[in-house]
Each structure stands twice: as C-alpha cells, then as structure tokens.
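These are the structures, in structure tokens.
The two complexes that follow have chain A in common; it is paired with chain B in the first and with chain C in the second.
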Partner chain A sequence: MKENELREFINVVVSYFQDVTGETVEMGMPYIKENKSVILDYTGVIGISGPRKGAIYLTASKVMLKEVAAIILGADEVDDECAIDMVGEITNTIAGNVRQSFGSSFMISVPIILKGSPEDVVFKLQPPVFIIPIKWRTFSSYLVVGLE
Partner chain B sequence: MEKKLIDILWIIIASGLVFIMQGGFAFLESGLTRTKNSINVAIKNLTDLGVSVFFFWIVGFGLMFGVSKAGIFGSDNFLVPFSGSMWVGAFFLFQSMFCSTSATIVSGAVAERMRFSSYIISTAITSILIYPISGHWAWGGALFGKAEGWLVSRGFVDFAGSTVVHSVGGWISLAILLIIGPRTGRFDENGKAVKIQGHDIPAAVLGVILLWFGWFGFNGGSTLEMNAQVPSIIMATTIATATGIVATLAIGWILYGLPDIEFVINGALAGLVAITAPCHSVTGVSAAIIGGVGGVIMLLGSKLLEKLKIDDAVGAIPVHLFAGIWGTIAVALFGDPKILGTGLSFASQLKVQLLGIFSVGAWAFGVSFLFMYIMNRISPLRVTAEQEKIGLNVAEHGATTEIFELYSTMEEQSRTGNLSLRLPEEPFTEVGQIAQRYNMVMSNLEENLIAKTEYLHILDNVSDGLFIINHDFKVSPFYSKALEAIFEKESIANKKLTDLFEGMITEKNLQEVKDFLALLFDKSFNMNTLNKLNPLKEIEVFIDDNHGGFNSKFLDAAFQRLEDENGINQIMVILRDITNETVLKNEMVEIQKKTNTEMEMFYQILHIEPNMFVEFLATIEENMGKINIALEEDNKNLNDVLDTIYRLIHSIKGDSNLFELDFLVKKSHEFEEKIEQLKSRDDLKSGDFLPLAVMLSELKSSLNQMKILINRLLNFKDVFANHNSKHEELLLLSVNGLIDRLTKESGKTVAFEHKNFNIKMVPKTIKRRIKDIIVQLVQNSINHGIETPDERIQYGKAESGKITISSSTESNILKLSFIDDGRGIDFEKLRYRVKEKYSLTEENTQSLSNDQLIQFLFSPGVSTADVVNTSAGRGVGMDMIRNYIEELGAKMVVKTRRNQFCEFQFLIPLNA
Partner chain C sequence: MKFMIVDDSVIMRKAIEKYCKTFNFDFVGAAGNGIDALKLFNEHLPDIVTMDITMPEMDGIACLEEVLKIKPETKVIIITALKDKETGLKALRIGAKGYLTKPFSEAQIQEEIKSVLGE
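For the complex of A and B:
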C-alpha cells in the first residue's frame, strides 16, 4: 500500500466530514493490524479488485453518525435510520472518489452497509490493514484500508 | 332434294371449318381455366363432340330434321342413313357439328367444378332432346328446303343459330350453373367477385382465332349452298367480330382501366355470336353495329352475372346466351326484309323473333334445369370441395400435371415439414425447370438445416463461449450455451460485447476492448499484429457479489475475422474460462517468486544460527509491535512518540546489522531518516505519521517472510541436525561476525576477547538484552573508539585494536564488562555536541564535568561520530543502552582514559 494512495482515501473522508459539519476533522495516528480490525456500530464497505485486491471500509459509532446527521439535517435528534443513511452516504462518497482517482484501473464494488460487527468483513481485507482514526469532536471513526 | 356438287363440297368444307371450332373451344376453355382443371376441360371438349355426334346421329338429327309432327319435332331420319344421298350425308355432317357446338358451350361455363359424368349426361340430353327439338322449331324442314318448324312457319329467322345453337348452349349452361353454384373462392365472404385467372391466355387467344376461322364455315355454310351470299356473310361475320373486339376493348378499357384480355377474347366471340342470326341479311354497317353492341351486351351481361353471383368460368352465358339473344333481335332490327323473305312487318318480325327467343329459352332452360335438378338430387353434379381443391385433372381423370405435382409436393412439405421431399424434374418444360431449381433450393436448404442443426448441437455442448459479433459489436443470435455461464447472464443475443463486459473489467480495459474491436473490423490492420494487442487475452474479470466484494475469473478471448468479397463482415470470438489454469499458474508463479525471495533471504541468513535468528526475529517483532502500540496509543506528545519509535527502529537496525541483514538495515535506516525529517517539523501532526505506518507495514512484511523461512529452516534443522550450540557461543559467533563486517567497512583491525564471558545461567530475556547491549557497544567501539591501524601506530599502540568482554556472577548479580583499547571518550567532542544539541552557552558547557557529559552520551540524539551511516552517528545507540539498563533494572559504570581505553561495566540483577 502506497502512502499517496492511503492519503487519497483519508483526504476524501476528512474533507467529507469537514464539509458537512463545518468543523475541524483530524486524522489520528495511523497504525497497522494483521488479522484483526476495528469495527464500530455501522460500517460501509467497498470491495476493491483488479490490479489491487481487498477492501476499504469506514466504521463509526451510532452516536457519532447521529450527531453528524443531525447537523446535516439541522435537527436536534435523528433516528437510527439516519445513522445508516449517513454511513451509506459517506461510503458512497468514498467509492465515488476512489472511482475518480483509480476508477480506470480498479474494480470498485457497489458499497454495502453493515450493522454490528460481522466477522466476514475482516476476511475481505488484505493484510497489512491500515487503521486510520478520523477524529471529530470527541469521537473517533475509523477508515480501514486493507489492500494487497 | 338433290344439291349441286359445289354446294355439297362447300357444306363439307364448312363442316370442316365448324369442326375446327371444337378445337377452338378446347383451347379457349382450357386456357381460361386453371392448370389443375385444364385436362378436364379439354377432354370434355373432345368427349362432348363424340357423345353429341353419336346421339345426334341416332336420335337428334331425326327429331330436328325428320318429317315434322305439328312443327314440334321431326319423326324420321333416325340413325341417319347416308348411303343413298350425298346431300343427307353432307347436311348431317354440317348439322352434327352445330349440335356439338351447342353442347360444348356448356363445358366452359360449368368448368372446374362439374362432375365429368354429369357433364356427359347433360351433353347427351342436349344432343338427344333439347337441341333437336328447339332446333326443329326454327330450322325444321331445312333438309328438304321447307319451313316445317312452328317458329320458322311464323317467320322466325335465325340464319346460322344465334338462338338455335348459341342461346340453347347458354340456357343449358345457366340452368346447370344455378344448380351447381360458383367455384370455391370465386366470391369472397363479402360477396365480392374475385377473379380467377386462366392459366394459359395465349392458348385461349389461339382458341378464339380458331373459332373465328371456323365461324366462316358456321355462318357461310348456313346458306347450305355455295351462292353469292357466302362472301358477304363471311364478311359480315368478320366485321361484326372486329367491332365486337373494338367495342369491348374500348368500353372495357374505360370501365376497368386496362385492356382486359378476357374481355377482348369474349368481345370477339360476342360479335361472332350476335352476327350469326342476321349475317345473311344485313349490310356491313349493320354487321358492325350488331357486333359492337354484342360486345357491349357481353360486358354488361358479365357484370350482371357477377352481381347475381352466377359463376360462369369462361363467360359462356354473356357470349352465347346474351349476345345470341341480341343477334336474334338484330334480325328484326337490321335484317333486309327482302332477304328475310318472311313478308312480315318490322313489328311482327320483331315479335316473332322475341317469341323464338322466349320459347327456345323456356324450352332449353326449363328442360335442362328440370333434368339437372333431378339428376343432382340423385347424384350431385358437383365434385366435392376436396376434389375441386386438388383440381379435376387429378380428381376426375387421375391425370396429373407437372404443376400439380409441384403443388402437391409443396403442400406435403408444408404439412409435414419433410424437407427431404423432391419434385419430379421433367426436363425441357418450364415447370420441370422450376422443379429443378426448387429441388436445388431445397437441397441447399436441407444441407443448411443439417449444418445448422449440427452447429446448434455444437453450440449447446461446447465448453467455450463461441459466438459471432457484427459491426456494431452485437452478439449474433446463435451462440454457445457456455457463453451465458461465462458472463453469468442470460439472453445474450443482440447485446453488445462491450456492454456485456461493462462492470466486469476496469474502465481502462473496457476502452481498450472497444478500440480493439474497432480495429478488428478494419482490414488495413494485420491480424497477427492485432492479436498481440488483444486486451482480452488472459484477462481477469470481476463480478460484483453485492456483498461488498467481487468474484473473479480469468477469461481468454481469441478472435477470427469472417471475410467475404465485401470485406470483414463479422468476427468469430472464442471466449474461454481459464480460471482454473490461471489460478494454478499464478500460484506456481507466486511460489516461484516466493522461493526466489526466500532464497535471497536464505543466502543472507545462511551464516546465522537458526535459534539465534529466531530470537532476533522475536526481538524485532517485539519492537515493531511496540512501534505499532506507540502509534495506536496516540500519545498527546507526538515528539515522545517519535523518540520511542526512533529508539525501537534503531534497535532493529542494530540487530539487523548484527546479523548482516542488509535489506533490513537499509529499511530501518530509511525509517530513521523519515523520523529525522519529522523531528525537524515544528507543527507535527498525527497525520504526519502515515509514512511511518507504511514503512512499518513494509518491515512487517519482510519480517513475516523471514519468519516463514526460518520456520522452514528450523524444521529442516530439527530433521537433519543435532546441533547443540550453546547460546552464548552463538552470541559470540555473531558478535565476531559483526566485528568482522564493521572492521572491513572501516579498515580497522580488532581482536575479540571473550575468555571470561559466560552467561549460561542467565535467563533468556536478560540474555537477549545483554546481546542487544553488546551489539550497540561493539558498533560504538568500532565506529568511535578504536582507531585506524595508522593512528594506533602513531600513538604507540598495537596495530590491532581489542574488544574484551567478561562476566562474573555474585549474589545473583551478573557483572558484565565491555572494554575496548581505543581512544576512549573524546570529552571535548562530546561537550561540543551537547552544546549544539541543547543550545547551551559556552560557559554552561564548559562547566559540565566529565561524569555529566557521560550522562549526555546516553541521551537521545547525541553522538560523537562525524558521519551518519547505517551503524553509527545518530546518537541513538547509547540512548537505547540506557533504555535497556532501565528495563533490566541494572546499573552501569563507565571508565575511560583518553587514547587508552573505554570500559562499560554493568551490574544486572538476575532475579529481576
């Protein structure tokens, strides 16, 4: 995995959160996992194939997603559905950007949204898996990149 | 009554001419009907001639021309004897032809549907009864030159038989037509007339010409002598025929918009029939009028019959009945009374003409209708629908025609779908030639069908995707079943190949495929060259599993141009699923690659004792883990994190150096350089650590490769060797190696003394740290302490330097000593570095004692080396030693004398 490729994925997520919330979003210290990963409440997964194989996902807590959704919708309180929509939206944005940057040489799957911590997501990742914390307010969501 | 020879001769000639009319009728009627009935119509013409002559000879002639009984019928001359009188013979011959003419008219009208047997019976009735009786009325006594018939006695004139011959035939036809009805298909479901085209119009035209010619005898002979009237009669006949044609042609053209052949034919005949009665008594102009009006009447009569839905196959009724009536009336209208010689006034003449028309009509129609009606009740006059359909040639006579064979074989084929049937090929005929061509077409078709069936069979069973694409890249309808499995889609026909690949290959590949396909259809590009560009050669395709992932398979496409004289029409494509082979091949390549890497690594670690190497790996793995933890913990103080990582990486580098693992040394050196860059940053952020994470991942993958390899080596060793190396021996061995390498790099010579070094009883974890410390100190000594041989000679020292390690254990405390006989610590240089690093004032720096300076030696980033290289100069090694000491809970003493030695003593508690 090349640094500039990772940087591309990170920038997409960071600027997405920054754009929709209008608040500072920071990238945390990146680290590596071999055969494990981080999974929070909601996860949007994009499969990648072609010259590179593996997956990228964004995982976030329900509370964080709901707060982000509330800002976007201008509501005080939003339901769980919104959190799912939120993660779907972000994943689609990532997929769209990935497609723009790597589209012509990568195969990018239709993004899927997962709830809870399904084991099989980890199998889609190719080690070493980069875990990049994306920090907003007091929350940390994680961009997880596991491409060979 | 005796006649002159010339008269008799004329009558015989006239008879011959009338006889020819039978041939005319045969041509006319069979030409105007369909092929399937042509034989039936023709044979009727011949048969009715024979039948009518026969019965006319036996009965008819006597009833017509025998001595009259009350003007109603004749009573002698049955079985006409012609031995006695030349005249009777000639007269009979002439009249029998007339009788036949009357009878044969019916055959055309009722053609294509009347049973042959019924027709023969109707002919017999006509010649035995109907024709002779009414004929007697008009012509009775003619044999004797008298007027015996009741009509002729009243002044009725029908010179050559407009009524007597033609109308009688017409009336009988009408009667039968009313009984048997129209042919199937003559009128559609809305009652609209549908024309049934005759099959041979040229024959019909020839028939008319023959009739016209025969009519010269028919009318001309009716003088019953060769006199001055004959030429004018023939002339009148010709004029009327001509005007019949012209009038019908003109009016028919106006009414129907085209010169209908049948109207012209029937126009001529109507003219002939009309002039028949008055031909001897009219002028040329009158004849012209009579013929023309006859034609028009025929036209109107045809319309009338259509309206009444009476189906007259050849137009016999309009021609013979309607024009005959007109001709009979025309006698009164145009006839020269002198020539008529009846002595009647115009009105009386007209009246008697009409009486004749009516009475003959009533008789002929009445009797024939009665007879036919009864007969129809006994046995149907009409053939069955099926017989009518197949045609009377076959149904009635078993006589087939080529065209019938053609039709029936075609029908059989369409019914059964049996394409192996072939038509009989009669050479030298049109139908035969058609049959020949048809058979050729069928043979090709059958061959193609067999080929197609075989092709489809192949397509169903072949394991490759076999198909053809057109100019628009669309897949042709016939493709192999396997193609659907390859694309995991159904109904592929007419879909673009590029659309099928969309979503399965990258956009870049897809564009390449589009470009490539376009080039395939371009003849100017050589196929061999194009094959080298084939983007679908051993390509991996992906199918979204809709679960955030892909299933992949490997395909291989081969292309073949299909060319004809117009260029490249289509491309045949063979698409194979080569997943199994490719996966296997890739695995082999992967194994080969792995083996190569492992072999490379193997050469590098060949000199290292596996157990020690395992320990080394455990150490660097531990350190890498610590780096990752440092990252994951996300300490607020990023500089601290950097320092921690730096230290750990340096240790990895040192260990790698110890084992001469250049690739790891190189990687960790690069790692250090990256950290250096980050350290110089003022606004360090978490995001800046990304390259470190990436480098760590690279180190990790190297480590993993080594782990795999060493495990294999260990297995190998366990199996084949029983090597009982002592741990410290291994340590000493590797330190020796490190010294060797470092001295070679630096050009120094160093002896390694370890006589009193024994750490057998020391726990493994402490052993590892001892090794780490020794490694760092050896690097330190060779890089900074021990001088070059020249320097040493200069200082009066032995050319070769010396490193001595020793150990002793007392009260569970391990005392470890490391001495080199180098230049000792250069405190002035150290003072300078400390000043630089911590930006101290000159005064403060100078005030530092040697002990204090030594403390700095063990802090991060201070080194006395002038140049940074992979083994020294970053000031990290000593910092690490301090960390190890802290970790071990040990104490350290440093003794040094300038240009003499430097000693590091460690007191390590063994029970910590």
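For the complex of A and C:
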C-alpha cells in the first residue's frame, strides 16, 4: 500500500470524528503489524474485493463506542447493542468514504462484528498490514488496513 | 406524508428517525435490509424513503429499483457511506431524488429532505 493511500485512511478517520463528535482525534504513527493482533472489546471487519483485495478492521472499547453512539443519538446513555452496532457503522463509513479516492471498484462488504478478543480469531491478511492508532478523548482504538 | 427508513445500522435508523421528527411525517417503519424493506414498502406504500446502499440480503441500489417499479413517484433519498461519484450518479440515474453521504448531521439530512420535497 502506498503512503498516500494510508494517508487517505487517516484523513477519513480525522474527518469522521470531527463531523460526528465535533472533536479532534489524535492519530498515532502507523506501524506494520507483526505477530500480535490488536483486538479490543468490539471489532468491525469489512472485506475488500475488486482490484484491491483484503480487509480493514476497526477495534475499539465498548465505552468509547457507547460515547460516540450517545453523541449521535443525543442520549445520555446507550446500551451495549448500540456499541456493537456503532463499531460496524464506523468501519463501514471509513471504508465507504475512502472510495472517494479509491473509486467505485473498491468493493466493500457489509461489516462483520466480533465481540471480545477470541484467541482463535485469525485475520488472514496479506502483509504488510498497517495499524493506525487512534486516540479520541481518553480512549485508544485502532484501524487496521491490509490490502494487496 | 408516509415516511420509511432503510439502513442496516440500528443507530443510523434511530438517528434518522430522530432528526426527521421536525417534518411530522407519518413514520411507517424501518428495515435493516432490502428484502425486509420491500415487504414494508408493499404494506405501506410510503411517499418518502431514506435508503442505505451497503446492506445484507439485498443492497440499496437493487431495492431502489424495485421500489420505483412498485411506486415510481416515491421520493427516495440515498444515505450511504459510499462517497465515490459513480455510485451517486448511478443512484440518481435509477431515480433517487437525493444523495447524502455518511457521516451526516441533523441539519444536513433536514436540508436534503427539504430539497427533495421542493421546500
């Protein structure tokens, strides 16, 4: 994956949080995934097909996802189901928004949601797989991008 | 005016419903995929529909085509994360009356609906 493509994912994440929460996110330095997977409470996975193949996933804590959902809904509190839904929606929005630069041949699947950090979850992504750290408020989350 | 929401995200369905309360539409229901949407559409024949694209079972583009076969005058507003021009143009060519990309604000969806209603 080219540097400008990675930058596009970063720009989309920054815009997403700015537009939805009115707050800025702190983007960490992307790094290449080694053996250890980064998996938090809930993970939304989007498969990519077409000329570019692979997947992207966003993993975040339940508390963070509930806070984002509460902002969208104008609610003081939301339930766990909202956190699960939220991770899929954020991942879907990021994957869909990058089509502005990647084009319509960048085919995205519906999100698959993973709960917890099961040991047997294996993401068979073609290396190099990039991990982009995201910090919103006090919460850390990660966008993981693996594209051929 | 009968109003229906189609989106596979519960949060988006709730948000769209909340943001559109100001219009005093007769909200007939929400669906999470194209198949369920067609059942609901046939039951209520709504006048205005917000339609996501990336959904399981049947996507929003296929659902849009079916909805317009049933009731061609339906005002369908596509609300999707897909930000490429080709998809937007395709939806408008098929007959969507509006196209809004996610994420969107309350003001943006209200503006889009007003525009589609000619207000």
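Just a few scattered comments:
Keep in mind that, in the parts below, the second predicted complex is superposed on the first by the 135 of 148 C-alpha atoms of A that agree within 3 Å, B and C clash if a C-alpha of one lies under 4 Å from a C-alpha of the other, contacts with A are read in each partner's own complex, and residues count from 1 in each chain.
Here, a residue touches a chain if its C-beta (ideal position, glycine included) is under 8 Å from a C-beta of that chain, and two chains touch if they have at least 3 such contacts.
Note that the structure is predicted; figures quoted are calculated from it, not measured.
With both structures placed on the common chain, the touch criterion links A:G74 to chain C but leaves chain B unconnected.
Legend: residue contacts after superposition of the two complexes on their common chain; A:P128 is shown touching chain B, with no touch to chain C.
Contacts of A:G28 after superposition: chain B is touched, whereas chain C is not reached.
By the document's definition of touching, of the two partners only chain C reaches A:G88; chain B does not. Between chain B and chain C, more residues of chain A are touched by B. In the superposed pair of complexes, A:V110 makes contact with chain B and with chain C alike.
By the touch criterion defined above, A:E148 reaches neither chain B nor chain C.
By the touch criterion stated above, A:L6 is placed in contact with chain B alone, chain C being left untouched.
Shared interface residues of chain A (contacting chain B in one complex, chain C in the other): 103-104, 106, 109-110. Against chain C, in their complex, chain A makes its touches with residues 16, 19-20, 69, 72-74, 81-82, 85-86, 88-89, 92-100, 102-104, 106, 108-110.
Put simply, chain A touches chain B in their complex at residues 1-3, 6-7, 10, 26-32, 34, 45-47, 49-50, 55, 57, 103-107, 109-112, 114, 121, 124, 128, 130-133.
Of all residues in chain C, only 8-12, 14-15, 18, 54-56, 80-84, 86-87, 101-103, 105 touch chain A in the complex they form.
On the side of chain B, the complex with chain A involves touching residues 505-508, 511, 540, 542, 544-550, 552, 628, 631-632, 634, 641, 685-687, 689-691, 693-694, 696-697, 700-701.
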